[in-house]
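In this document, chain identifiers A, B, C and D correspond to the written order of the chains, with residue numbering beginning at 1 in each.
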């Protein structure tokens, strides 16, 4: 089973040009809440991706049998069921991370990316493209989350993945971690900056093409 | 007497070189120059061809949009040149005059005994109609509309402006007849705006069958827009016409003599003029004939010659004819020089509205030689509250300009753009610390609005 | 001067449109216009223009800050020697302050210039004078013992995110200097609050007199409630006039209400500062202060008994009233809007100061909050204006 | 097949609900044990760290069983109440009750050197939200052996420092608590602190620790929390003496 370039695009487009966070501006709330540390961001990204893959897959498989009138409820049920299962698993196997993610795992249900992809893509496409689309969007979401979390953890706590990277010598010289980076507004500003940079570059691309 | 309308916001810029009450005659030129560009918003269609003979009052061109309004020659002679600019834009019509002026003849008679239609036709054919302008849009009045009132300004408050009392001398009767003609053009009132203290001429203060409104305060109290705003404000959908007292007198002469008399008295003013005084000449006389031999020795600066006043006039060459709406020539020093740390010095000799220079300590009465330097660079709208201090209107000038910048026609209308013209907000432009081009922005808005409405 | 003129004239062709170094024209212009008012003449519109320009106005604002700055410099020295128990002359105090304060000013201007020049260069704009003011405001509203690199980072952040992302001076919503202060407050809370940072030398523990406390008046009132008097580090009570003169610990330039009032006079006489905002801000603060005094009986918050007029001379209130809330860009633009804006900013300042124990300095937050609301206030004022115009039209139609 | 007919929709929803319900209950029951274990381990680790024993997720259970030798539930008169399991007591709920109905847990740890420590859980309010922790006392019931605190949302760099061992918790070791004037009828704010948490007072003062500079409210919160929770145990301490 070879992937066509069209299939490949389903995975690569959401990474940049159709990024769910910076271009479609979906799923911002969780991006703000759980990006204080790399670890929780990665777990969150994986959780969203897993839920997205399975819900896209299930929805796509069922797409011809789902009654149109109750399709939103059906989609919601699928997502909710998957989210609860993921939440349970996290609580059981990575307790400390699940504590940090707290309600935000549950809130994956309300993450606009999920319902958006189900409604916009999985309801009208075959299972394989749906899974690819889910992988792409999950990854696009994850990439931004990880970039934001990287900056916030580095500047806010002087650590990456929980390990201190800013040498003690710096602290002795008077360096202080930036407390603002830990506060939610800074996640917004970081995302905003990424969007700023991306748009400036995107504009150049257009100029070259046209 | 009617009550005085006090204008509190505004500014009389203390420029050097106001005119003395002395009148001389300009030397007769060998060519008169008419500029169709004096009239904003028209598309001129030539009526006279090159080499054609014309009389004073013969049509030279008309506006494509209202072909019944003629723009006529001030003098009899031969059309010697028609000069065009880019995109064949009509710039100048040059007329070589005859030795003796011959006049085209128009209807003669007491306007009160003529029908409104006859009065209107007479003014339109003679070439005086363009001196009547309208709000909204500040363009030549549309003869097919009926204005709710007509405003005649009988004083000019602009910097170094001519004294209308002086200019009207000998034309008192013509002014009276002119007012009578104007009364035929509206079902509403005719208003004459005079300065409460400065206007002395009985022709103005005792004008009959019109409402005489007295104003006091600094510039822009003499502008029609301000007077209309305070006496009979324009609302959406209404039209008001306005003209100055001298154009009114010209209309009067038309009915008295049956001819277009384009004579006008021009104040030659400004710090670069040796002897600021009044000079008589026909409309279309090149500026050099008015200022000949009267310019100060140019030492450090080149002079800038302006047809009109320093705030709203047009930059002109010596060979250009005097503008249609102008009774004044201003000559100022060109300011193309650098000034070392100019923004940081105390600035005792620099006049500023803002008191940010120490010149305000030297008190009133001092006159300044101001040049045409920009005194800074363009910035975004930063300071607020300056415009309101020099705009005596119940308007939000900054918001209005911003509405123009974002091209929101509806908002412009809501904020009252139909009440204003560039000249009303020229002082805003003068005082602006961000050096915003207020007048051209506003004109853009007015044009946009006019296009949208037609 | 002649030589400088020649230098610029020689350089100019290189940065003009076809010149080799055209890309540097913003930087060139910045220096050029700093030394010389340019030779540009009017082309359209009014032929004469007022001598005032934004450089002039900004320079005057900076000038107006000078009394507060010089007093602040002396005050830094005064408190340093008070804390260390060393007898000192006026000159010693002033010199000590100078050594402490000048580097902060330098750090702030370096950051400001770096951001302004870079952004102007990237965008091809003229370099804006806004940083002249912001660069001086920032040092005046920080504690003296703030690390210099923090000043640098905060100023750069504030200019970049408080101003440049909006399009530069004149387009920003928030006051850049306050943005810098807020950044410092939230990013480095330990360095921005507490009792050790307001007096030079205290945080390093340089030979302090026994029992000396570096708490500001506001911190005292917040921690212990107002018990009748506020006192200096040695426990001697302050009179109202001490606080008015500014012989109290606090941010460098904010302590002396008297000096700030001299600045206010400069701003008001020159017409740069807006008296409506200043007055309404003070009225708002007084109103809230009196309201709290009135309600103090119903609460166990002893802070609420602090007399309303004390609030005006304590903390950053006076400084905020004269230099912050009046910032023409971030304030309300309409006349009525200015009254509302100023009043609410003053009102909330005291409310946050007294009722929220986490933010002893409510002025900063309150003004930033009102910055955000200023466009909304303006919107309603404009709508009101439009309604009034419409009403006039219908009245005359009848 | 008409997927929009009512009967189809009923059948579809019913089947879906059954499947989802089955999947969820399977997940919930299958993982319950592990999850509960995680919560328990965390609590045990906290208790151990209060008596300065380091533990990992893996060895926490073993160390807990080895060192925590006794646990009681105490009422306001210092009597042991058997009915309630001290390990599962919800502090938040207990503190909301009146003093007479309040039940608080206490743990007795036996260290490797043979000494026994009493561990008291504490809970209170900081500046922005709840703060909590454990305090362990030497067997004189006066000297603090160790203390751990945590918080939900205190200001990073200021109030949040209470969860730092080096910056804050360390200085509690060896301090004494003063229960003499404790009056259960009064609020914590109105009475003499069991242990003062005030800036600049800690050094050389056995009955006080340094508050956090700039974190005055949180520091006071810790003081009130200690007064409230340790004060509750004063009858109990008197009996054990």
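As a working rule, a contact is a pair of C-beta atoms (placed from the backbone, for glycine too) under 8 Å apart; a residue touches a chain by one contact, two chains touch by 3 or more.
What you see is a predicted model, and the numbers here were worked out from it, not measured in a lab.
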Subunit D and subunit A - chains in contact with each: C
Furthest chain, CA centroid comparison against subunit B: D
Dominant interface by contact count, named by its two chains: B-C
Chain centre separation (subunit B, subunit D; CA means) in Å: 85
Centre-to-centre distance between subunit D and subunit C (centres being mean Cα positions), rounded to whole Å: 45
Length of the line joining the C-alpha centres of subunit A and subunit B, rounded to whole Å: 65
Subunit B, residues touching no fewer than two other chains: none
Multi-chain contact residues (two or more partners), subunit C: 188-190
Residues of subunit A engaged with two or more neighbouring chains: 176, 179, 183
Touching chain combinations (by label order): A-C, A-D, B-C, C-D
Subunit A-touching residues of subunit D, taken from the complex the two chains share: 3-4, 8-9, 12-13, 16-17, 20, 23-24, 27-28, 31, 34-35, 38-39, 41-42, 155-157
Contact footprint of subunit B on subunit C as seen in their complex: 1, 4-5, 29, 33, 35-57, 59-60, 126, 128, 167-171, 269-272, 274, 328-329, 331, 333-335, 382, 385-386, 389-390, 392-393, 396-397
Subunit A residues touching subunit D - in the complex, by the definition given at the top: 64-70, 74, 77-78, 81, 84-85, 88-89, 91-93, 95, 156, 176-177, 179, 182-183
Sites on subunit A touched by subunit C in the complex: 174-176, 178-181, 183, 189, 192, 196
Sites on subunit D touched by subunit C in the complex: 127-128, 155-158, 161, 199-200, 213-214, 216-217
